[in-house]
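Presented sequentially are two complexes of chain A, the first with chain B as partner and the second with chain C.
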Partner chain A sequence: MSFLLIIPIFFPIAMGLALLALNFKERGKRQIYVASVCIANMIMSIVFMFTVPAREFTLVRFTDTISITFKVDGLSTVFGMIVSILWVVATFYSFEYMKHEGKENKFFSFFTMSFGVVCGIAFSANLITMYLFYELLTMATLPLVMHAMDQRASSAGKKYVAFSITGASFGFIAIMLLMNFGVSLDFVYGGILTDQAAVAGHEVLLQIGFICAFFGFGVKAAIFPFFNWLPSAGVAPTPVSALLHAVAVVNAGIFAISRVTYYSFGTDILRGTWAQYVAMIAAIVTIVFGSSMALRENHIKRRLAYSTVSNLSYMLFSLMIMTPEGLVGGLTHMLFHSVLKITLFFVAGAIIYKTGREYVDQLEGFGKSMPLTMAAFTICSMGLIGIPPLMGITSKWLISKAAVDCGDPVAVAGIVALIASAVLTTLYLFEIIIKAYFPRKDIDVAELNKDVKDPNGLMTVPMLGLTAFSIIFGIFPTPFIDVFQSIAAGLF
Partner chain B sequence: MLEGNGLLMFLVFFPFAAGLVSYLIGRNSKRARDIFVIVVTAAELAAAIFLIASASDTNDFHWHAFAGLGVHLRGDGFRTIMAILAGFIWFFTTIISIEYFKKTESRNRNRYYMFALWTLGATMGIFLSSHLYTTFIFFEVMSFTSYILVIHKETDDVIDASKSYVGFAVFGGLATLMGLFMLQANLGTLEMDALIPAIESTGISEVTLVWACALVLVGFGVKAGMFPLHTWLPQSYPAAPEPGTALLSAILSKAGIFGMFVITGQILLHHFSWGLALTLFGIATALLGGIMGILSDNFKKTIACSSMSQIGFIIVGVGMQAVLGHHNALAVRGSILHLVNHSLIKLALFMVAAVIFMNLKSFNLNDIRGFGRKKPALMFTTGFAILGVIGVPLWNGYVSKTLIHESIVEYIEIAEHTGWAYGFKAIEVLFIIAGGMTCCYMLKLFFAVFVEKNNDPAKQAQFDANKHYMSVPVTVILIISAAILPVIGAIPNITADGIADVAQHFLHGHSPEHAVHYFSWVNISGTLKSLGGGVAAYLVIVRLGMLRKQSDGKKAYVNAWPEELDLEKKVYRPALLTVLPFIGALFARSVASIVDWFTAFVGKIIFLKRPERFQPPLNNEFGTFNEEEKESKIPQGISYSLIMFGAGVVAVLYFIIISFISGWR
Partner chain C sequence: MHEMPFVYNFPFFSIILTLVGGMCLPFFRNGKVAQKINMGVIIATGVMNFILLCYLVSTGESFTYMMGHWPAPWGNEIRGGPLEALMATMFCIVMGFSVLGGLGNIFEDVPKKKQYLYFLMMNLLLCSMIALIYTNDMFTAYVFIEINTLAACAIVMAKEGGETIVATIRYLIMSLLGSGLFLMGIALLYNITGHLLMESLHEVIMEMAATGQYVMPLTVVFAVTTLGLCVKSALYPFHSWLPNAHGSATTSSSAILSGLVLKGYIILYIKMMFRVYSPELLAQLHITDALLVLGVLAMIMGSVKALRERHIKRMTAYSSVAQIGYIFMGLGLNSEIGVLAACFHILSHAVTKPMLFLAAGALANVSHHSYEFKDLKGAAHKNKLAGVAFVIGALSMIGIPLFAGFPSKLYFSTAAIQSDYFRLPVVLVALAVSTALNALYYLPVCINIWRMKDEAHGHGHEETGQGHGHEDTGHEETGVYDDSHGHAVHEEPVTDVAAAAFEDAHHEVPKAGFSFRLSMVAFIACNFGLGIFFIPIMNILSQGIDLL
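Moving on to the complex of A and B:
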């Protein structure tokens, strides 16, 4: 039965390829096709995640250590659930949004394929499999980034490919090292460097390898100084920015780093070494840097992209604390940030779709004109800032608590960065909120926003649904945190 | 999941639900909404009073799942008193706000009432909290919901003031959060009861503890308006509509004081240096508020600065609690009572301000001069409130100020013959001076509004003819709010001591060994000194300094406060908006240019033979090389990707070669 696991991976890829061939002329038919594929895949992936008995399936075996193998554990479930559910939400959103972007057939076929590839990353059981799908993800999402096919889009696309491939190749160095020194390449909580005799004397080399992996896989998580592709990739259609560049792709980077740190190298060989400090300091720098860049960026989507840069490093910082609490903090923020940021991007997309306005200055008085949209934006912004009792505060609390508990001075410095970043987050998000609800007196808002209205249900329902989710589970986050804690305890 | 006294949950969460309902009602019927809001606040007041009766069964309420760490509320003596105070003030300000908004700006009332109710819920959450994280959650909620109250008028000045409000609120909230992290990490708990035992059992270093508490204090100090975190206060209090200001001054500032009580009574119990620092901050706040109050020509700003000054007195009381250690009965009771008294007095004064504004739409003393003549109800309320706040015997402010003053004197006696005695002697003198200032600016207001005539006789005639300046319900609540004051002040051994007896356990206070003789000659003479100084200051500063002859030969009030002497505009804003971004940008640019240099260097080597010209990328406005000219040295296109790819390949090859040479495996 364990072969079922490959269905959520290859079914969307096949269906995406089929869509390229079918090339529907009617929008309605295509929407039904894509929606049913995505929903079916969501259901399958969730059901299989919880029911497949053996929980491991080898597709191809090259050598003893190198194989393409899939399995499900706690971490895959978390990543898989986040992606599957948000994918469906984003699908409905993009049905409406893509109407004005054109080339829908191509878009949706790659969009569907990417779903499978991300599931592949989530379900991979060893480093080689993950590496394969990690590279595939770059390729599958490239057409989505370059969708507009103008000069800006292709430049952004090239940047994305160059950064990602280079990053992954650095990650490959780490994989080679692990192959040499580890007992296998499988993901085992606690690491695979259990053969003390083999490891002894090569710790520094392995730490160098870890740094390669951290920055290599960190490219997708937009670690400083490899963050540049993410704001540039904002030229992609908004559903792509929302789903891939706030959730799927960037979280794949976070996911890969947690796999490498907690399941391959293991934290024992890294904790307290220079490698941990280098990684942690890079994350701390990115936290503040991303937020301050967001503040000076006037383009809504790029501002949100820089905000993502900063928030991804909250997770990286938390993971780099290298304690179970750190893993819990990172996973919690991964979930909460995904929900909040995808909604913020949906709002930005709704604004661009309805009005074509892309800059913060142009949003004066939108609170009246787009009440539902701006309400979603306000609540999710406050969540992201970390105003209790909304979502963000819980994850920030867990991260900071993990940092304080580990007692490391660098980690404590990270809390200062978190707080500085929270101030900056408030500034860059509240600027938009204040403009929307309290416009300047010297402009005629009614005239300016004459034709501005909330978008239709395909767009507002995803936004408001996610906002409601963020309120409810912001107030009651315990079920998720319990799951994350059992993962970090190595139980799930 | 939910356990304990449901009344506590009702007090905190009902206003949140009711706020939403009021918004929905208000979309259909404004009248129904007004009635609904009054009923809700009345229900809150009733529930708070009922807490006294229900508290005997179970005092606590837990909601474990709420926001990760759970909510823990408690309804013991002090907290019940604070809840009743909040309910009472909300009820009264809601009644007056309905008339106020009808007569002034009636836009966005729905929004105002919704956020006012949410703020009520959050404030109840703070006052009833028994776990510091609960306090923090509701403190943050309160900061942001009250922001809508501040920005209500939406003029450009107001938006500017509200930016400073929200800026300080965020900064303070995060500093508090940082402090709470430190406490949680070191003590392992934030449960208020468990803090002192945890400090003893964990043996936390004193330096860490004081630092953590100082950070926690920042947030609460901001809300209380403590020097040097006060600069938002003289801007934001006048910016809000008067019913909102009444809430800010009478209740929200007390949330800050509540936090100080928690630190002083539940964490740094009897800590001398902590108390000394708070006392000094308190005295500075009291003096600065007093000076700003005297020099302003604006009715509302004067009362706003008065709030700051009176809060300074309370902070002195909090500081003296810690300084006096186990003998702090007077300071504990004095600060609790001054907190209660100040809330009641400021409620009355800001309601008077609301009445003035809804008739005249101005607060400039020259515009409103003479408005109060022949208006006995208004004069009664203002007069009683002023007698209360300046501390005339038989009114309530006298009792609490005397207690705080006595606590300073007590320490001078304890510390006799040591250096501290002289230091506290100086603090005592400053305390009396600050009390004199209260008298001075309040006399200024009273004479300007109720005694002097307006410079424009036509206007004065209009004022005198205006008999329907407020409705009957407003008259009733104004008179009630003023009539309470002497009830506390004239029979202090029953009323004031009663409140203090119930509340003091929160601060680990004890009843004094003998009943305090409030009206003994020693205490009265101290007050008389202060009042005498105040009258003299009024005659000299206000009559001679601030009433200047205008071109038409008549005397008018001038604003004597040097506007350029603004801590926020001179120090805080430049520091935040100029210096920090500069440092940040310098840092970011340096690092970014290292990366740029590296890429450009590699590019130079690889494309040595064929230097290509590229358009600069559109989105890439950061980094060193874009500044120079239209020619980017970062190669674009697939070649660039190849470089990066090549770098990866080279690294892999290097690794393989090294591993081959060194012969692993």
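Moving on to the complex of A and C:
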């Protein structure tokens, strides 16, 4: 039965390729096709995640240690669930949004294919498989970034490829080192460097390898100083920014780093070494840097992109604490941030779609003109800032607690960064909210926004649904945290 | 007397068959007939070498074959082992499919009266490469190097035009310089040792090295022969002739020159490393270090140059410079696994690069015979198989798992990790950077050729300069985000598209023939075959290297 696991990976890839060949002329037919593929794949991936756990399926075996193998474990379930559910939501949103971008057929082909590739990352059972799908993810999403095919999109695409592939190839160095010094390449909670005799004397080399992996895979998670591609990639259509550059692609980076840290190198060889501090300090710098850049940025999508840069480093910081509590904190923030940030991007997209306005100071008085949209924005912003009882506070609490518990001075410095970043987050998000609800007196808001209104159901329902989700699970986060804790205990 | 197995005759038969097959072509003076004979010879040679390969792998032996009845140290010898047989088999396969894939272009580019000569040269080329692979004698090697050079120049020049003549002259000069250096090396070596057979040379050289005689002349000999072969296989910085020659020749010629001709010399060099010199001695004299440095430089610089090209064949040619760098880097790692990786890379590049050249040629055929990126927009929609093949070739070059380039990368990295702490970081970082660079120049081309029809026109300014990327970054940083975001398609002048569609409809798009499709499918299959089932190939190669 374990061969079922490859269906959620190859079904969307095949269907995406088929869509490329079919080239529907009617929008309605295409929407039914894409929606049914995505929904079917979501259902399949969720069902298979729970019915075929902990069993492997090898697609291709190169050697004893190198193979293309798929497996579901706790971490895959978390990542797979987040991606599968949000993918479907984003699909409906893009049906409406993509009407004004054109070239929908090509867009939805690669959009569908990327779904399969992300599932491939989630379900990979060893480093080689993950590397394969990690590279494929860059290539499958490249046409989406370059969608507009104008000069700016093309240069953003080149930057995206340059950063991502360079990162992955440095990650490959770490994979090679692990292959030579580890017992296998499979993901085992606690790491694969268990053969003390092989590792002895090469600790420093392996720590350098870890740094290569951290910054290499960290490129997708926009770690300082390799964050630059993410704001540039904002030229992509908003569903891409929302789903890929706030959820799927960037979380793939986080996911890869958790795999490498907790499941490949293992925390024992890293904890308390210079490698841990370098990684942690990079994350701390990024937290503050991302938030400050967001505050400076006047373009809504780029402001949100810098906010993503900062928030991704919350997760990296938490992961780099290298205790089970750190993993719990990181995963919790991954889930919560995904839900909140995709909603914020949806709002930004709705504004661009309805009005074509892209700058913060063009939003005066939008609270009245787009009430539902701005309500979603306000609630999710408050969640991201961490105002109780909404979603964000729980994850930040868990991260801070993990940092305090580990007792490391650098980790404690990280808490200061978290607080500073919370203040900056408040500033850059509330600026938008205040402009929307309390416009300046000297401008005629009614005249300015006379054509502005909420988008239709295909856009509002995803936004409001996710907002409702964020409220409910902000108040009752325990079911998720229980799952994360059992993952971090190595049970699931 | 010990009875010699019949299959041991096959290398000699291959050389003679290809030679005679070439010689008889002038009697027909007909391109089509010549092509059929040529193909028959290639198939026969391939089958013979394959049988020899099977026999040698099953017995695990290598052999030396005496030509005529002159025993060593006077006679001329052939030496075969699993490594040689595998390479020869692979060369025949790649050559056959390269000729098939570019057949349309050959008959189009080469004047009708000279077509049979083209196939004659192909036969000579195959003959000389097989001889280079199997020879056990340095002077024979030199003779076939010269034959190889002349045949290679001829197939570059076969496509008439000023460009190819200039390219050929440059190629000829560099090539003759290379073979001149090689000849100097042999002359010196013969002077010192009095031998030309590899085994006898090896004995004397090892004795001299042990006693410390002739250290300086030997160093010079090693350096000069190495340099000669480096020039001929276009190792950076001696690569300047390559992009012109490979970029301007007819498609099949480019495919064969890049995929095979460069490798013939490298295989000869590998044989010399083990059978004339010894790896330890080369390491002691820092020749391998030099190869490593030049290889790493080539990997980076070849890719950087490729990044600047706007001509698809020249870009692919520069990519060959980088790939040759990989191979020499593997040799420079000075370990058996490094040589193994280099040998595998010879194979993986031999199945990938001809595919890329043939696909590029076919894409140009449907784009008014232009190789410029701006004219190739959307070309893949007119020849889908070529488009798919180009993408697969690109993925293989980048080193994505499942494709032929991945095992090479795997083994190069392993070799690097098992070497010392000076080579390790250099090689690993070079591999990572080179991977990224490969992706940077191949992926935009892949996107370009697969552009949709509605976006294939009106963006001509886009690919004109490399500098715009930087300008654009600055542009974005200042927050200027103009409002036309995403509307570029709609603003295109409709008449332009209509005119282009009209033009397309009335321009006869040449159809890709059956032979092209066959060759593409074969190359794709070879690529996946090497990428997935690389362990048996590695076993044969390491068996072969052990026996050297």
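Heads up, the rule we're going with is that the second predicted complex is superposed on the first by the 490 of 492 C-alpha atoms of A that agree within 3 Å, B and C clash if a C-alpha of one lies under 4 Å from a C-alpha of the other, contacts with A are read in each partner's own complex, and residues count from 1 in each chain.
Methods note: a contact is a pair of C-beta atoms (placed from the backbone, for glycine too) under 8 Å apart; a residue touches a chain by one contact, two chains touch by 3 or more.
Only a predicted model underlies this, so the values are computations on that prediction, with no experimental measurement involved.
Overlap between chain B and chain C is detected when the two structures are superposed via chain A. By the touch criterion defined above, A:N298 reaches chain C but does not reach chain B. Legend: residue contacts after superposition of the two complexes on their common chain; A:K441 is shown touching chain B, with no touch to chain C. By the document's definition of touching, of the two partners only chain B reaches A:T478; chain C does not.
By the touch criterion stated above, A:I68 is placed in contact with chain C alone, chain B being left untouched. In the superposed pair of complexes, A:T394 makes contact with chain B only, with no contact to chain C. Judged by the touch definition given at the top, the superposed model places A:T166 against both chain B and chain C. In the superposition on chain A, A:V347 makes contact with neither chain B nor chain C. By the touch criterion stated above, A:D150 is placed in contact with chain C alone, chain B being left untouched.
Of the two partner chains, neither chain B nor chain C is touched by A:V199. Superposing the two complexes on chain A places one region of chain C into the space of chain B, and among 242-250, 386-394 or 422-430 that region is 422-430. Residue overlap on chain A between its contacts with chain B in one complex and with chain C in the other: 151-152, 155, 158, 161-162, 165-166, 169-170, 172-173, 176-177, 180, 228, 231-232, 235, 302. The touching residues of chain A, when paired with chain C in their complex, are 60, 62-63, 66, 68, 100-103, 106, 128-129, 131-132, 135-136, 139, 142-143, 146-152, 154-155, 157-159, 161-162, 165-166, 169-170, 172-173, 176-177, 179-180, 205, 228, 231-232, 235, 237, 297-299, 302, 352, 356, 358-359. Note for the complex: chain A touches chain B at residues 151-152, 155-156, 158, 161-163, 165-166, 169-170, 172-173, 176-177, 180, 212, 224-225, 228, 231-232, 234-235, 285, 288-289, 292-293, 296, 302, 382, 385, 387-389, 393-394, 397-398, 400-401, 404-405, 415-416, 419, 422-423, 426, 430, 434, 438, 440-441, 474-478, 481. Partner chain A is touched in their complex by these residues of chain B: 64-69, 136-137, 140-141, 144, 151, 154-156, 159, 163, 166, 170-171, 174-175, 177-178, 181-182, 184-185, 581, 584-585, 588, 591-592, 594-595, 615, 617-620, 622, 636-638, 640-641, 644-645, 647-649, 651-652, 655-656, 659, 664-665.
Residues 395, 398, 400-402, 407, 409-410, 413-414, 416-418, 421, 424, 428-429, 431-433, 435-436, 439-440, 443-444, 447, 451-452, 454-455, 459, 461-462, 468-469, 472-473, 475-476, 479, 481, 483-486, 488-490, 532, 534-535 of chain C touch chain A in their complex.
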